[in-house]
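Dumping the structure here so I can ask a few things about it.
Per-chain residue numbering starts at 1, and chain names A, B and C are given in the order in which the chains are listed.
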Amino acid sequence: MKLIRDLFKDYRFAVAFGIVCLILLLAILSAFSPYDPRNAYQTPRGLPPSWQHPLGTTWLGQDVFWQLTFAVRNSLTIAIIASIISRLIAIIVGVLAGYKGGIVDRVLMSIGDSTLTLPIFVVLVLVSLVLRQWVRQLVNLGLLLAFFAWAWDARVIRSQVLSLREREFTFTSVLSGMGSFKLIFKQYLPFLLPVVFTTLINNMSWAIGMEMTLSYLGLGIDPSIPTLGTMIQMAIYRQAIFLGLWWWILSPIAASVLLFVALYWISLSLSEYLDPRARMQRIGGKQ
Amino acid sequence: MKENGVVLKAEHLKAFYVLRSFGRQVLVKAVNDVNLEIHKGKVFGIAGESGCGKSTLLKGLFAAIVPPLRLFGGRVLYRIEGQDVEVLSLSPEAKRQIKWKFISYVPQGSMSVLNPIAKIKRTFRDVLESHDRNVEEALEMAKKHLTELGLPSKVLHCYPHQLSGGMRQRVTIALATLLQPDVILADEPTTALDVVTQRSVIQLLKDIQEKWGNTLVLVTHDMGVHANMADRIAIMYAGSIVEEATTQEIFGNPCHPYTRYLINSLPRFGEKSMRESVPGNPPSLSALPDGCPFHPRCPHVLRVCREQVPNLINIGNDHKVACWLIGGEHNG
Amino acid sequence: MDKTLEVKNLTKIFSVGSIFSRTKITAVDNVSFHIRPAEIFALAGESGCGKTTTAKIILGFEEPTSGEILFKGKPIWTWRRKPRQYMKDVQAVFQNPFETFNPLKTVDEFFYETVRNYGIAEHKNDVEAVIRARLEAVGLSFEEIRGRYPSEFSGGQLQRASIARALLTNPCLLVADEPVSMVDASLRMSIVNLFKKLKDEFGLSVLYITHDLATAYYVSDRIAIMLRGNIIEMGPVDLVLTKPRHPYTRLLRESVPEPDPQKKWVQKITVTTTEHEEYLRKGCKFAGRCPMATNRCKTEVPKECFLEDGVMVKCHLYEQEDVMQAEIIGSQQASKKR
């Protein structure tokens, strides 16, 4: 598609895309893992990287490479759930608040602002302690993170909608007989999507980061489920550095750093490309 | 430039916009070989449709040729204190010295030039400070200047949004003339204003000219404004000047078919007879036709019009036209 | 007499300012006028005089504070119970053609939307035929419009497209809010001639809102001059613009720059400083700038005086000539005699 071709002209997007593909490949490979990720002592312990075990093995007798594939898959799952659900909530709330205005706007924004003022960390810790069993599931953590992530963007979307509502083509749409729903969907969405997409990707980074932090503290996900966070936590808990098993701790760290950089670059190049003013310049150049 | 009284001159000025469109380079020929001589103390009007290049020409005259606009030939000369200065080759520092003192520029939509979150007096102060005046002096100068122009000095203490559109425009003009420049370039100063406000802006420009005897170059598509203000008018079409003469000549004896259309398309009170606009659309400046740029829309087009660009020749009475229909014998 | 649109005592008050200082601006003050079928009615005045607000109220985008608007004899609020029915008959064209269309979407989208939403045609070929016909009526071709974005057109072309879109539903009233202000002076004729043609061929009525008196003179049948929310003069356009009575109309008329170097402006004028200054005046709103203002003008609001030749003026100067007043006095005297 022309869109993809244009994006690839930006070197940052090209490189980042490559990294993301690599990571996705890892995630897909997890389906072919010969080892069950939850079981320990399936391989000799503490082996350095070799042909048989490309990233070595852990002190608990697990193959680091195959662990990583699961870790990547699970972390991405949490991130995707958290970001997509929070985007959906943000769009619905933002559009309702901006378009309807009045009391609907006030109520929705108050709710949103309340979630913004909550100390995320404290709440997450509390929930992890109180609802220990519930939070251990991947999906639930995703939902919990989504709860904190929608308010900011809802406000951004709301202000966009407010300004779009005053523009003349809104009147033209009404005069053309378009109902509110169609108006928002067809006319406003092209303006709103750029914001949504870039924050989606930023949100994914944030979600992965939060998960890693929680796991590092021993809260959140069940430590036997491999995620980037739990892998690091396990490695540190089991004195990987002390024991000289650098491959065990370096692999998840390297993977997450690569992932963060890639996501950042994608969101950067996407937002530059989708900026409405830049789009209009490109449209004009068609002559 | 030995002639008396020529204060600003453009010679074979060519300035094009260089745009990249999907990997290809596109040249928008906004100013295509323009020659102009502007005399001291007069009002020179430049008229033409939107997109004919007149704003770009003004930018060129102000030596503000910045990317994506690039100079492709020609020069612009200012006569400063008896010396001819070729402006386009000066360093930015040297240009800065000249700007605002010798020549100033009132841009299109100049109402938005004012800082919306600062009171007017701060904007005035900023301009004066950057030309080495201190703060107290600056405020005094600003007050005096406004009073001289008949504007209430209380506007200094207002924010731009508190003023009416017309007042904002006049304040911007006052700002541009703060240091009493010799030449003022005004780009569409009356567009988007209603008739009464328009009249007050023009009145102000006239007052300034009468008081300080400066030169005014006025760009607008409104021929009525030119009739009221200009001493000499140049009609621009698709990047070139097609006719240039005194105001009386242009309105009394328009020669170029485009000029005739322009004048006849304007409604007049007392006449409800059918009037026509210029038919068709102006050419894209990046894809100019061969020969005379007006020939696709011209009702009297000849074969030579399609092939060769006519030169701007003097047909007497200081009236210049670029058309094969007129002065054919001069062109051979 | 048949009236397409009748506006009666329309008033709209806005409250502006911050929490600490709110001022009430009467944007539209007791405005009354009517438009007949196949008539071009001009509503003229400076910017900020309330004409756009009036248009928005007529179109239903704003609610009036008080007053009534009748469309084809019935009040607007009954029409707007079925908004599509109303909008089919009353369409609009706006000032900025580049804002009228969504810059990120193609121009023809609105055409398709209008045709489909109002049930004008169903089958793809019929839809195209209708659109093509309307575009031809304004001097554009379907091929020119298809698949192109607003930024690829010139202002004049786009404005004509906007008019074509408004005509798709065969409206009987077109509200045109400053349709030519953003178009080059030399191209205004092509747009304005369109209105004339549509009036003559299709019986369209147009509410032509403008500050350009020259085009108003050229194209309209009747005209009303607005000043800060009040209609201060109204009548047949020939009379009002060639023999202006109200001092403000005279000012407007003289301020139109004539394309004739022999007719230059001689007098100097004064201009308001701030936006709200004139709105908050007691008495006649023009008293601050009027060359003939008296003390009475500054305190007492003039009432409507109906003159012999059909012109209405709101000015103390013409009280003696008011025919309605004369009638009232006449009948009072007649009843006294009995």
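Rule of thumb we're sticking to: a residue touches a chain if its C-beta (ideal position, glycine included) is under 8 Å from a C-beta of that chain, and two chains touch if they have at least 3 such contacts.
Remember, predicted model here, so these are calculated numbers, not experimental data.
Trainee: Could you find the chain whose CA centre sits the greatest distance from that of chain C?
Mentor: Centroid comparison gives A as the farthest chain from chain C.
Trainee: When contacts are scored as defined above, which chain pair ends up with more C-beta pairs, A-C or B-C?
Mentor: Between A-C and B-C, the larger count of C-beta pairs in contact belongs to B-C.
Trainee: Please compute the C-alpha centroid of chain A, do the same for chain C, then give the distance between them in whole Å.
Mentor: Result: the chain centres lie 53 Å from each other.
Trainee: Taking each chain's centre as the mean position of its Cα atoms, how many Å separate chain B from chain C?
Mentor: The computed centroid separation for chain B versus chain C comes out at 33 Å.
Trainee: Which positions in chain B touch two or more other chains at once?
Mentor: As it turns out, chain B has no residue touching two or more other chains.
Trainee: Could you list the positions in chain A whose residues touch two or more of the other chains?
Mentor: Expected reply: 286-287.
Trainee: Quick one: in the complex, what on chain A touches chain C?
Mentor: Contact set of chain A toward chain C: 167-169, 171-178, 186-187, 190-191, 276, 279-280, 283-284, 286-287.
Trainee: Please output the residues of chain B touching chain C within their complex, sorted ascending.
Mentor: So the residues of chain B in touch with chain C come to 49-51, 152, 154-155, 158, 162-167, 170, 192-200, 202-203, 221-228, 247-248, 251, 261-263, 265-270, 272, 274-278, 281-282.
Trainee: Can you name the residues of chain C that touch chain A in the complex?
Mentor: Residues 59, 61, 84, 87, 91-92, 94, 96, 99-105, 109-110, 113-114, 117-118, 149, 151-152, 162, 165-166.
Trainee: Flag every residue of chain C that touches chain B in the complex, lowest number first.
Mentor: Contact set of chain C toward chain B: 45-48, 154-157, 181-182, 184-190, 193, 211-215, 217-218, 241-242, 251-253, 255-261, 263-265, 268-269, 271-275.
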